[in-house]
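First chain A sits with chain B, and in the next complex the same chain sits with chain C.
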Partner chain A sequence: MAERRQDPTALLLLLPLSLLLLAAFVLPVAGLVPTSLRPYIAGRGIGEGWTLQHYVLALTDAFYLEVLARTIGLGLTVTMLTLLIGYPLAYILARSTSPFRHWLTLLVIFPMLLNLVVRTFGWIALLARRGLVNQWLIGLGITDEPIRLMFNFTGLLIGLTHIFLPVMVLVLLAVIQNIPVDVEDAAATLGASRVNVFANVVLPMSAPGILAGSILVFVLTVSALVTPRLLGGPTYKVVSTLVYEQFLQLLNWPAGSALALLMTAIVLLLLWLGARLARRWEAGA
Partner chain B sequence: MRIRGCLGVAALLGVAPLAAPGAQELNVAIFGGSFVDNVRTCVVEPFQRASGARVNFVLGNSVQNAARLRATRGRPDVDLAYMDSQVAVQVKAEGLLDQVDAAKLTNLPDIYPSAVDPDRRWIGYMYAATAIAYNPRELRTPPQAWADLWAPGLRGKLALGDISATSGQHFLIAAARLNGGSVENVEPGFRAIRELRPHVVTLYTQADQVVQLIERGDIAAAVWFSDRVGAAARNGVPVALVFPREGAIGILPTFSIPQGARSKDLAEQYMDRALSVDSQRCLAERQYAGPTNRKVELPEALAALVPYRESIDRLYFPPAEIVAQSLPAWTDRWNREIAR
Partner chain C sequence: MKARGLLSGAYVALVLGFLMLPVAVVVLASFSTTSFLTIPPQGVTLRWYGRVLESPEYLHAIRVSLSLAAAATVGALAIGTAASYALVRRVVPGRTLVASLVMSPLVFPGLVIGVALLQLYAALGMAGSFVGLWLAHMVITVPYVIRTTLASLAGLDAELEDAACTLGATRLSAFMLVTLPLLRPGLAAGGLFAFITSFDNVPVSIFLTGVASTTLPVKIFTAIEFGVDPSVAAISSLLILATGLTLLLAERWIGFSRFT
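Coming up: the complex of A and B.
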């Protein structure tokens, strides 16, 4: 770890963004902290005094813990799926020499041009009890009863993976493109098999991209609101829909703030852990 | 270059008028859908003609409007807010509502006393009810009572409101009262709904969802709002209304002026217009809203479909304060026991 003098130019360049984040993000979120520590009296509003009851409830109550676990599980699973599907896709696109490769990239990004609500409604049309998927399955005789593909983990998994796949592909594409093909060729020349080249050269070199893409998809998934509301319905809640319920149905802003801040803390912890693991992996390469 | 300059100036001019303060402008937070269209016809147009002021609507449901008032405490960006009674009493308890000047409301003496806050901080402008809606083409013998909803014949054909919708809260109260409970003791209600839950097609969160469910044939009956049934039937949806024998649950939507509203005077004029006989009759015809003004006369056919005079007495109005205080506990329990 060589010591580096902080470049004043670099700090200056970071200043506008830092100020913007401070004013538009950090301060408003910090403003939630006092709210989260206040009691809430139903029928009366936000009370006086301080209390930790909302945090305690969120961490000890079985229902809240289930929703928290479900949300994080969803985040991790969607991240893994987008990685598994997106990496080969990104690799092919990055290494492609076809004159159509830019159109192919556009095809992958194309869903992002559509409104999120429209995309989610598209999935509802496919996954509903009388939706297209079930109609095909029953029509082909694969199953007699319609399968429950909505208002559960499966429905959300499918919808969220599809919606965030372009994000993962874009990030990985940029990183893999920056790994010179010559490096792969050099490894092959030195006697490494194709699998070896991939596992020991390309993959570790794209670790920063994997990390960045995973962080992005994970954070987007656990904070998604529109898709869980539509594909999960009132019966299958995640943390963001629970926070929405507290703020805009029950007017219990203290509980909503506590939940939101708790989720933020958990996500930051997971991201930090993930970054450490990824850095160790890349360093060991 | 000149064209770019002209466009620039035009853009500036276009933005400027929006910043002008409204001495003759009234901002109203109101429910959306067919309701706001009918209010435009029945209230806003006569009001604008009489006062010359312009009315701007901001759409939201009761709780969203309440959240807006709380977030802008003391300096509201609306002069009038529509909220259901159980939300209005909470907002009043938070000290966010202003007292209406009785002298300014010429129609106030004609309003049923139970529809007006004793402190004059909220006023009910219509009556509606949570009742039973059914498809007359599918059901030869329609349900006549709340108890009929548990019948085997309706299994797999029924929709209920989620606890977040007023109809869900009201059905919980109705189920409780049906089984020996009350609005204070909803335990029997939870038990009964738990029993019913496996046979329920869906718990809807938006009132409009019921229309799609009926049209697609997914359901044959639903717990729904009386005014929505009337409006849908008029639009050709195959749906009819039944006020259950045990008593439908009454809804009292209200409007209030928040503390610190800029155009309180105009808001009071608007309220007076909305409470007038003509506007109330107009809303009854278009929105199937029961009038709160005693002096309104309705033709017989319409009187059978809306809460009106004697039928208002047959409705059960749950005490708004108790509902407001109990709602978080009910929601919590509903999430764990019913919605899973």
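Coming up: the complex of A and C.
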């Protein structure tokens, strides 16, 4: 393998990408910071002077705190559900010798590639007041009145779990595939029960995948906009739909910027913690 | 042993059924004669497809999305490949930092990029412009190109290019004639991911589109917000068909599942 060459073309090759990221990512996001510290004047927009009021409001007002708690609660629940549903699927697919295995994996990838709006629209048809689920429930005599399945926690939970399940499965699949079957066989030969093999061999060896998948799904859930907006409507809010509303409907950019930065802080903190934990495991292993 | 296999099979069928359920529902709804969906459908019609394909708004949005995705993919392939090449083959100061910065749009909240650019473009007087959307879409698609090209480049021997140079090729022609053709599978996979990512995006686009630059998913999103009607199901079904065909063709040509 040749040595890495040291010459000025390296910087030239990196220049277009660096300029793009600086101009259309780093600087604009940094530009939200001063906006978030400006007062908002109704009807006129951004005012003069500096203030911390948007942050104070977001972290003390009961309504904002409820939305924040709901967002994080959704993130945790969706992460747990995708993990519980996804792990067995990933394990079965990874260990499968079926000739259809390849097609089954493609069936997991397909919904992930399908447009988010389209997938969410399917859930609206299912979960709406006159939707299919309610028609089935009434038809089966389980309930007389339609149950509320949208514009609440249940609706967002079902929709978001569906959206991010393939992500979790693919991350876990990649990790479990790399655990040699021989290791499991060896443990079984040495007398370990099925449960033991799973708990002491497979589970610890797939821990990096569980961590990576969980952090990814959590981060994607708390920053998701399309599914919460369409299934939660204008009334049942999470942080991202609040940001959407502040920027596009109320035109309160200072408050919107503060909320957007708050969300970014949560996401970055989690990614940082995850990376730290992963590094510690690698060092320990 | 057999019982366990059956149990596994049933579980896989159940979860895949859950994943496919809303997709099936959308397709059924698109053929339904009633404005809301019933199972079994009360009647079958192609009226909604006709309505979508005759709607100048939808056709315009499809055109915008296709040209935006194509332009973003070409741009991301060009600057992404150049950057990957530098990262793998050259000494780059702060290499790890640069690498993690370029990959960060993968996990960075899309809507934060959206509102940040909305503010910038408003200040520059380029709100709703196609160029503005194009720059934003390059930011979110370039990580996919870099991920696949980094992997492909790492698998190539740098001495191949040196050999070409020894035989009289310039650096540029050595890259064009030796390295680039060998990178083709990685470029195809990265380009495809980039195209799909751009074509599907809502959280960034929704803040940046104007009347003339509304993309297809943003158009569907707003249509649903105004109230569901079956033409939404028809255009969605067309997208389902297009996505399915893309996946099958990609799997055929470049072995898609290798890159996910």
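Operating definition for what follows: the second predicted complex is superposed on the first by the 240 of 285 C-alpha atoms of A that agree within 3 Å, B and C clash if a C-alpha of one lies under 4 Å from a C-alpha of the other, contacts with A are read in each partner's own complex, and residues count from 1 in each chain.
As a working rule, a contact is a pair of C-beta atoms (placed from the backbone, for glycine too) under 8 Å apart; a residue touches a chain by one contact, two chains touch by 3 or more.
The model shown is predicted, which means the values in this text are computed figures rather than measured ones.
Q: For A:248, using the defined touch cut-off, is the partner it touches chain B, chain C, both, or neither? Pick first, second, both or neither.
A: It touches chain B and chain C both.
Q: Quick one: classify A:214 as touching chain B (first), chain C (second), both or neither.
A: In the superposition, A:214 contacts neither chain B nor chain C.
Q: Who wins on chain A residues touched, chain B or chain C?
A: Comparing chain B with chain C, the partner touching more chain A residues is C.
Q: With both complexes overlaid on chain A, does A:102 touch chain B (first), chain C (second), both or neither?
A: second
Q: Have a look at where A:42 lands relative to chain B and chain C in the superposition and call it first, second, both or neither.
A: In the superposition, A:42 touches chain B alone.
Q: Is A:271 in contact with chain B, with chain C, with both, or with neither (first, second, both, neither)?
A: Only chain C; A:271 stays clear of chain B.
Q: In the superposed arrangement, does A:29 touch chain B (first), chain C (second), both or neither?
A: After superposition on chain A, A:29 lies in contact with chain C alone.
Q: Which residues form the common part of the chain A surface touched by chain B and by chain C?
A: Of chain A, residues 130, 247-248, 253 contact chain B in one complex and chain C in the other.
Q: In their complex, what parts of chain A are in touch with chain C?
A: For this pair, the touching residues of chain A are 1-2, 4-7, 9-11, 13-14, 16-18, 20-21, 23-29, 31-32, 35, 85, 88-89, 92-93, 96, 102, 104-111, 113-126, 128, 130-132, 135, 162, 165-166, 170, 216, 219-220, 223-226, 229-230, 240, 243-244, 247-248, 253, 256-257, 260-261, 263-264, 267, 271.
Q: For chain C, which residues count as touching chain A in their complex?
A: Contacts found on chain C: 8, 11-12, 15-16, 18-26, 29, 36-39, 78-80, 82-83, 85-87, 89-92, 98, 101-102, 105, 107-113, 115-120, 135-136, 138-139, 142, 157-159, 162, 171, 196, 199-200, 202-203, 206-207, 217, 220-221, 224-225, 228, 232-233, 236, 239-240, 243-244, 246-247, 251, 256-257, 260.
Q: Which bits of chain A are touching chain B when the two form their complex?
A: 40, 42-46, 63, 130, 233-235, 237, 245, 247-253
Q: Given the complex with chain A, which residues does chain B contribute to the contact?
A: Residue list for chain B touching chain A: 63-64, 66-67, 70, 89-90, 93-94, 162, 164, 202-203, 205, 216, 218, 321, 324-329, 331-332, 335-336, 339-340.
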